[in-house]
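Going by the order they are written in, the chains are A, B, C and D; count residues from 1 in each one.
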């Protein structure tokens, strides 16, 4: 278990983070996001979602080591960009928290990260078939594949230290999704709601592409020009549109299936 | 958001539409139809269903911009064939309402329209494999594929104006289903219950065809002569038969899964 | 709707059939069987299950025209082997009741019949790939395919008269399962519980075979000698074994999902 | 039904086994394990899970012949390594209890056994495609296929005596999973929680491999060196990690779906 770290001293915090309205909103979304990803079959008992701290950009928020379908607000902890806990806590933490810490370090535009073993995505990580967009504009520029074997030889495949996290973040580059060979994928976005949206539609697009491959013959992919226009439209955050519409539905379904969040 | 339009003046209505028994019945079906399409996995948080207004054929009824699984009677709004709201309303509307408006304009025989991203249908929209009928008689004459790229070059794929809606309606022609490349499909019918029936069996037939393709070898499709006899039989609306039987089941399942409609 | 028929006079019954314990047990199983087939995804809103009358072998019991997932005891009607109602009743009846009447006529060993559109079975009805047993011993001698087109030319595919029912029963022969091209299948057995069991494992075996085909290469099918030994063992009806074990589970699941049966 | 056996005399027990805390914990896990395997779609109404007796290594614990989704603590019985009941009991027992007895006899390191017809695993048992690991480290050294036909000629495929059980245990060897042609598979582990984990991820890996095969081209399997490091890491049993994390989730889901266990 990670101890109180230097990051804590830097930010001057010794007690619990002040539960500002903004922080509370991020934690609420994070808890709901955990449940949604479980109910929508993106994560099973493994996988995790984090959010950059709204007040301290050098910190991120993530549950203690627990199945996402069970996460409640009290499970959310603060981590520094070294992947270690900000506040002393005896509870177990995810071994792969370095996926998150290194992505936040490398990508200032990213405020939320999902790591999952999303079932239809994994097959693309072990074949030569690139995961290209049928409907998912955020697959551009590309969906690269990270292989621990290439960076670190024989490992247990877990991104359990900063060096592996850095290598993964480097493969991810400026993309929104990277596959992890024989393991899963990482999805990033500017907010919790958008990262949940992208993780769910990453799985959905993988299913569409698998089925299109099964039908055979040439496939018309989404063009980069079309993707750019879709992304532009979706980033405008109209109430009732984009991830605002999906969030209302997914939240209701998640709470109905998995119970209370506090 | 769309403002009070000319269509309103033309029809002379300034207050709310008189809630006649016939209108109430259509709205009830529309709300249940939204829920059914969600529970039967034809729509997710996106997609929509509309009905032509039973008193004003130049208007149609559709929910405000909201996930179909959550739609209640109070969400239903009236639109003109220009795709704009009849009555002033601040609530957000679906960007793709022009799919509906232009189909109602082009097809006087159509009283209900579904637009969905029905998951097994999309792969047929990006391959060269035509969606042909195993069991779905309403696939005749044919299931054409509409591509925004052919009509309008680079777009965000959304049918968000009348010109795109008209182009789609033209591709649909006198058919009951048209695919939209990399996006989804549109299904039309003489009533809400039949359009829900067709949307569900469009997805079901796509699954059958995909699996038949996976088995390999020649496929015996439904003949046009057989389809004509099936359609003739199904259009007779016997109680306990056709879409009357499915509606009772789907309605119960939808309400059990998604809760109250008012 | 079918009127009071000659079969009624022959059996001398003018009132309702005496609800003997044996009859009541068959009706109970029939109602549960309807629900089980729905919950196990063998039937959707269509398809039906019947049982031969325990006292009058020239009659059979089946629900009025209704989605199987909603059937209650009061829906069960009596039919003669001409497919017509024994007792006058205004409620609608299944158009395809002649599947049942003609099978009971041709096969004195059969006491229960299921007709379904079981989803993974239909693809085998429209390809040249025979539905052979991976695990289902009752697929022997064979699973023939019936095509209305071969017997009756252009039809609406429904088995809606005795002549079509006879032709289907002839194709079925002494087998337990026959496919119906582009439509569904018929499964027969000595009892309601066994026919439910066979209908469910017909779908399950179709899934196994489809997946084995997708893996590619030669397939080791269940040998006829093995199937004979399996059938012999399963026909012994030990409590806790065979269809007795499945019935307890399926019944609980069906009631939990679809509610009361009376 | 098996009568009081010699194993009972050897252990000196004539009454019920003393319900020590350790024994109670194993029985609790066994009951939950039954429910979890059902809810996670590894078993249907067939299949079974057992645990070696914590006090008498020559005995094992398993439910009476019953669908796993319905098993309660009172269903758990004690068996000897001859596959017979330790204590007299009139209730029916699983015919294939010899899978368990012979594996416990051959493998002192094994404390829990699952036999299932796990749906995506069966296709691998009837084709020439080996079930190789994408993510499942416990597939090493290999996943052999046992065929009753090779050992015993024409049978009903059931492992219903010690000789067949011994032949299966021999094929299993020092592996964790063996397939049974046209039938199912057996999974073994040092504990109930780990065997449930392995049974679930055996099915999951079979799905990944089937989909990778459908994508086509070469597949990068998990290397034996990677698998060894993963197994080493997972065997450390940290709270919140490995099968501890999955158990909490699966248990909650299983109880919510299948009701009380006592």
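Throughout what follows, a contact is a pair of C-beta atoms (placed from the backbone, for glycine too) under 8 Å apart; a residue touches a chain by one contact, two chains touch by 3 or more.
Just so it is clear, the model here is predicted, and its values are computed rather than measured.
For the pair chain A and chain D, the CA-based superposition corresponds to a rotation of 90 degrees in steps of 5. Each chain gets a centre from the mean of its Cα atoms; for chain A and chain D, those two points are 34 Å apart.
Chain geometry summary: the mean Cα position of chain B and that of chain D are 48 Å apart. Chain C and chain D have centres, each the mean of its CA atoms, that are 34 Å apart. Under the contact definition stated at the top, the residues of chain C that touch 2 or more other chains are 214. Chain contacts in this assembly form a single closed ring in which each chain touches exactly two others.
Residues of chain A touching chain D in their complex: 44-46, 64-67, 69-70, 91-92, 95, 117, 119-120, 122-124, 126-129, 147, 149, 154-158, 181-183, 210, 213-214.
Across the complex, chain B is touched by residues 134-135, 204, 207-208, 211-212, 214-223, 225-226, 229-230, 232-233, 238-241, 245-246, 248-250, 252-253 of chain A.
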